[in-house]
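There are structures below to look over.
Common to both upcoming complexes is chain A, partnered first by chain B, then by chain C.
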Partner chain A sequence: MTTSALPALSDIEDRTIPGVLRIENSDREATAPIIMDRLRSVYPHDQIFGMFCPVQDYIAVPPRELYAYLADPRSLEEWSYGMRGFAETDQPGLWVAADRLVPDTEIYIRTVANPDAMTVDYHCAWDQGEHLWMVYLMRVIDAQVVLNKPGSVVTWINCHHPFYDENPYPETAPPGREEWVGDLWEMFSAGHKLELGNLKAIAEYRASHGLPITPDWMR
Partner chain B sequence: MTTSALPALSDIEDRTIPGVLRIENSDREATAPIIMDRLRSVYPHDQIFGMFCPVQDYIAVPPRELYAYLADPRSLEEWSYGMRGFAETDQPGLWVAADRLVPDTEIYIRTVANPDAMTVDYHCAWDQGEHLWMVYLMRVIDAQVVLNKPGSVVTWINCHHPFYDENPYPETAPPGREEWVGDLWEMFSAGHKLELGNLKAIAEYRASHGLPITPDWMR
Partner chain C sequence: MGLPQVSLVDVASYLPGSTVGTEYFTQFARSDRMAKNEMLRAPRTRHHVARDETAVDMVERAVAPLVERHGQQAISNIDVLLTHTQLPDNPVLGPGSEVARRLGMTPGWVIDIHNGGCAAFLHMIGLARMILQTTAARTALIAASQNSAGPVFTQTEVRKLAQAAVPGDGCGVGLLVKNSEAPILDVQTRTYPEFAGDMMFCTDVTGSGTFDRDRKYWEPGPGQPCVSFTESRIAKVFTRGNRLVPELAHAVCERIGVKSRDIDVFVTNQPNRLFLRNWREAMGLPPEQHPDTFDSCGNLFAAGIPVTLDAENRAGRLRNGSIVLMAAFAHAGDFAGAAAVRWGAAR
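And now, the complex of A and B:
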C-alpha cells in the first residue's frame, strides 16, 4: 500500500465539521461504542418506516425481463392490489386507472424509467394528473452482481411527502369520499411488501412455466 | 371513471397464482387483517437489516451537485469513515484505497454512475480488483419531487452477498489479518448511517457556507 491520503476537507477551516466522524478524529476504539449504541435488537416501526418506506426482495427472474415488465405501467394492473383499468390519457405517457381501494377514485401515473440504471419510477397522484407527488421509486438490480446468483433484486422506496398528511387538492376528490391515501401511510410497509410479493409470485410463475414475463396482452 | 379492467394474468390458468393477493380474490375486508398482522410496533434487527441494508436521509443540497460529488469515488476520501489514499490503478476507472478499518488492507473501487437516473454504484472489494462483489447502490433523488422541498434524498442499499460470510479469495489477504469485511455486516446499518451522516454534514456545511459541493482538490 503506497498511496497517501488526499487533501480531504482542505477547503474547511481546521478540516473540522461538527458531527463528522472519521478515523482521523474518532479512531476505531472511540467509534465502536457509538456504533454499538445505535444498534438495537428491535427498532420501532416509525424509525424504520416513518419518513421513508423501503422494501426489497429477491426475484428469480432475469433482470432485463423484469425491468421491461415494470417499465410498462400496465404491469400494475397485475401486481398491484387494486389499481385497475389502466388507460392512457390524452397526454402521452400519462395513464389513469381506478384505485379500487376506495370508491370512485382515479389514480394518475406517469412512468419514468431508465434502461441503463434499470430504475422505474411511478409518479402518481389520486384524483388529478397535474401534480404527481406520490412517487414510487423502484430499481431492478442484477442479482448475479450483488448476491452471486441468477435473478433480480428489486428495491422500492416511497418518501413521506407532506401531501400524505393533508390532501392539497380536496376540490378534485369525489364528493363524500372519507378516506385520503395518506391515511394509509402507516400501512405502506406491509401493503408494499404484499404487492412486491405479488410481483415476485407472478414473475417467478411465468419464468418457471416458460411464459414471457411481459404477457402478450401488454405488447 | 369509465375505464374497464385489462386482461391481467390472462396467460395463467384460472388467472390464479398461489400467494397472489389482489382485490379480486381478497377484498379489503379480507386483506386488512393480513396487513395488520404483518405490522409490528417493533421489528427485529435481522428482519430489517439481515438480507439487505437500506439507509436513507434528506440532505439540504441541490441534487445535481450532490450527484456530481458522489459520482467521483474520491468523495469517499472525505465522507467514508476510513477509506483513504484513493489512486487510480493502471486500469482506467478502477481505483484503490486503504481501508483503514483494518491493517494493511486495500479496497478496490469502480464507480458506475448514471446522470439521468442519478444512481451511483460503488463496486468494491477488499484485497483484489478482479471481482468487485461488494456493491454500494446509491441514488440521489430531487427532494422537491418526493418531499416538496429543495434539496436531495439519498438512498443507499447493500445486499448480503454470500462472500460477506466467507472470503472467497483468502490468498489475496495480507498475511496474519484476522478480520474479514463480512464480520462487520451486523454493524453495517449503524456504520452506513454514520457515513451517510458524514456525507450530509459535509455537503450541508459546504452548501450553507457558499462553498462548492465538489471541492477544488477533486477537480
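And now, the complex of A and C:
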C-alpha cells in the first residue's frame, strides 16, 4: 500500500492552511487531546441548534415508499403540526396552505425531490410564493445500509437563513400580525422533532396495519 | 413510620508523606513531547504512600482528628465500620478487622467493600445509612483509602506511562450518626453491568507502553503490575463518565427537589481536569462551587470526595445548612453514585 502518493493540497503554499488538522501536521497523539477536549457532558443549545437545526430518526417503513410519501407536499397536511388546507396554485408544483401556528398566515411550498438520492427539499415561505427561502432539507436513507435493519432513516436539516431574523417582505404579511416565523427558530429543534415523531407514528401505523404509506386521498 | 435520619456529622483525611512534583515523572517520560504533555495535564503535585505504610496505617491517621474532636469513646463505640481500599495489602482480606483493632473498636458490622471504585465513598454512605436506619446501630465510620499511587505508579516501567503522574495517595473518612444534625438527604447508587470488564489488571507493563495480561498476578514473574483500559475504548469510557456523573447528580437533585444550580457545593471524584469541567458545566455551576484537590493531590480515586470535603471544611468554605452534593463514577463506568447532605460539620 502506498501512502500520500496523491498531490493533496499541492496548490497551497507549504500545503498548510491554519486550522487544518491532518495526520501529516497533527499525529494521533497530538490530535487525541483536541478531540477529548471537545467531548462534553452537555452542549449549549445554541451550539447544536443555533446556525443549523438537524433532527433525525429511524422509521420502520420501506424507504422507497416513505420517500414517495414525503415527496408529495400534501403529506404535510398529515404529519406537520399545523399546515392545513393544501391547494395547488396556478403555478404547477407550487402549493399553498394555512400555517395555523399564527392567524391568517399562508405558507407556500414547493418540493424539489431526487428519487436517486431520495432527497426531498421543501422550499417554503410565509406570505408569498415568489422567494421560497425557508428550505427544509430531508433525506431518506435505506436503514439496511446504515443500521443493518429494514426500514428508513430520515435526516432533516434546516439552516438559519438571515430572513428568519428579519422579514424581508413585510408588505406581504397580513395586517396586524406581530409574530414572525423566525421568532420560533429556537423552538425548531423541539418542534421539528415533534413533527418527525408525527411522521414516524403515521408511517409506522400504516406499515403495521397493511395500509399504503401514501394514502388514497393523495393519489 | 418513616426511617430515622442519618447524618454525616464529620469528615477527616490524611495525605501521606511530602508532595511529589510532576518532574519526578517527566524525567522518565519516553519523549520530550510526552514530558511536556505531562506538565500540562498532570496534577502539579501528589502524595505517595511509603512502601511499608499500610491501608490500616492510613485509616488510623485519617481518623486521628475525629478522635480529637469527638473523643476516643465515640470512636471505640462505633457500631458499623466500612472500609474501601484501592490496593489491599493482603489480596484475600480487607483491612476492616485490623482497623477495628487499631482504633480500639468492636463494631457489630465490619464490611470491606471492594467495588464502588472512585464512587466507593458514596457506596459506603448508602450502605452505612441503610444499616443505621434499619438496625439498632447508632454510629458508623466509613474509610476510603487510595494507596496505589506510590506502590504501583513509581515502578520503573509503570512510571514511564503518561497516566503514572495522575494518581495520588490519600485517605478520607466520614463519621455517620443516627440523628438529624447533618442529614443525608438522599443517596443513589447504580451498577451498570454492561460496562463491567473494561478495566483490566495487567501484570507486565513494558517501557514501550504495552500491557501484558498473560501472567496471573499471583504467579511468579518479573513484570510490573498496573491497571489498564483498552486504548481503543478510552473515548467510550470518557463519554460514559461524562454522562454518568451528571445523571446521578441530577437524579439526586430531582429526588430532593433542588435545582442543580441551587446546589451550594458540588464535590466529585477527580480523574482529570476535563471531567471536572464537563461535570460542572452539566450542573450549571461555577468552578468555585465545585472544589477539588486534583492539582495538589492528583486522582485520589475513592478518597477524592472525603479529602476534598475535609479540605473545604477546614478552610471554612462549607457552611452549616448548605446543600453539599457528591457524585462519582467508578472504573470504566460499571458503578456510579451520588449523595446529598445538608452540611452540619462546619467548625
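The rule we apply is simple: the second predicted complex is superposed on the first by the 215 of 219 C-alpha atoms of A that agree within 3 Å, B and C clash if a C-alpha of one lies under 4 Å from a C-alpha of the other, contacts with A are read in each partner's own complex, and residues count from 1 in each chain.
Throughout what follows, a contact is a pair of C-beta atoms (placed from the backbone, for glycine too) under 8 Å apart; a residue touches a chain by one contact, two chains touch by 3 or more.
Predicted model, so just to flag it, every value in this text is computed and none were measured.
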| item | value |
| --- | --- |
| Which superposed partner A:Glu29 touches (first chain B, second chain C, both, neither) | second |
| Contacts of A:His192 with chain B and chain C, given as first, second, both or neither | neither |
| Touching partner for A:Arg110 - first (chain B), second (chain C), both, neither | neither |
| Partner with the higher number of touched chain A residues, chain C or chain B | B |
| First (chain B), second (chain C), both or neither touched by A:Leu39 | both |
| Residues of chain A at both interfaces, chain B in one complex, chain C in the other | 35-36, 39-42 |
| Residue numbers on chain B that touch chain A, as the complex places them | 1, 3-12, 17-23, 28, 31, 34-36, 38-45, 48, 51-52, 54, 56, 58, 74, 77-78, 80-82, 84-87, 96-98, 100-101, 104, 106, 114, 116-117, 119, 123, 133, 135, 137, 139, 141, 143, 145-148, 153, 155, 157, 159-163, 186-187, 189-191, 193-194, 197-198, 201-202, 205-206, 211, 215-217 |
| Touching residues on chain A, where the partner in the complex is chain C | 29, 33, 35-37, 39-42 |
| Chain A contact footprint on chain C (complex, rising order) | 33, 37, 41, 235, 238-239, 242-243, 245-246, 274, 278-279, 281-282 |
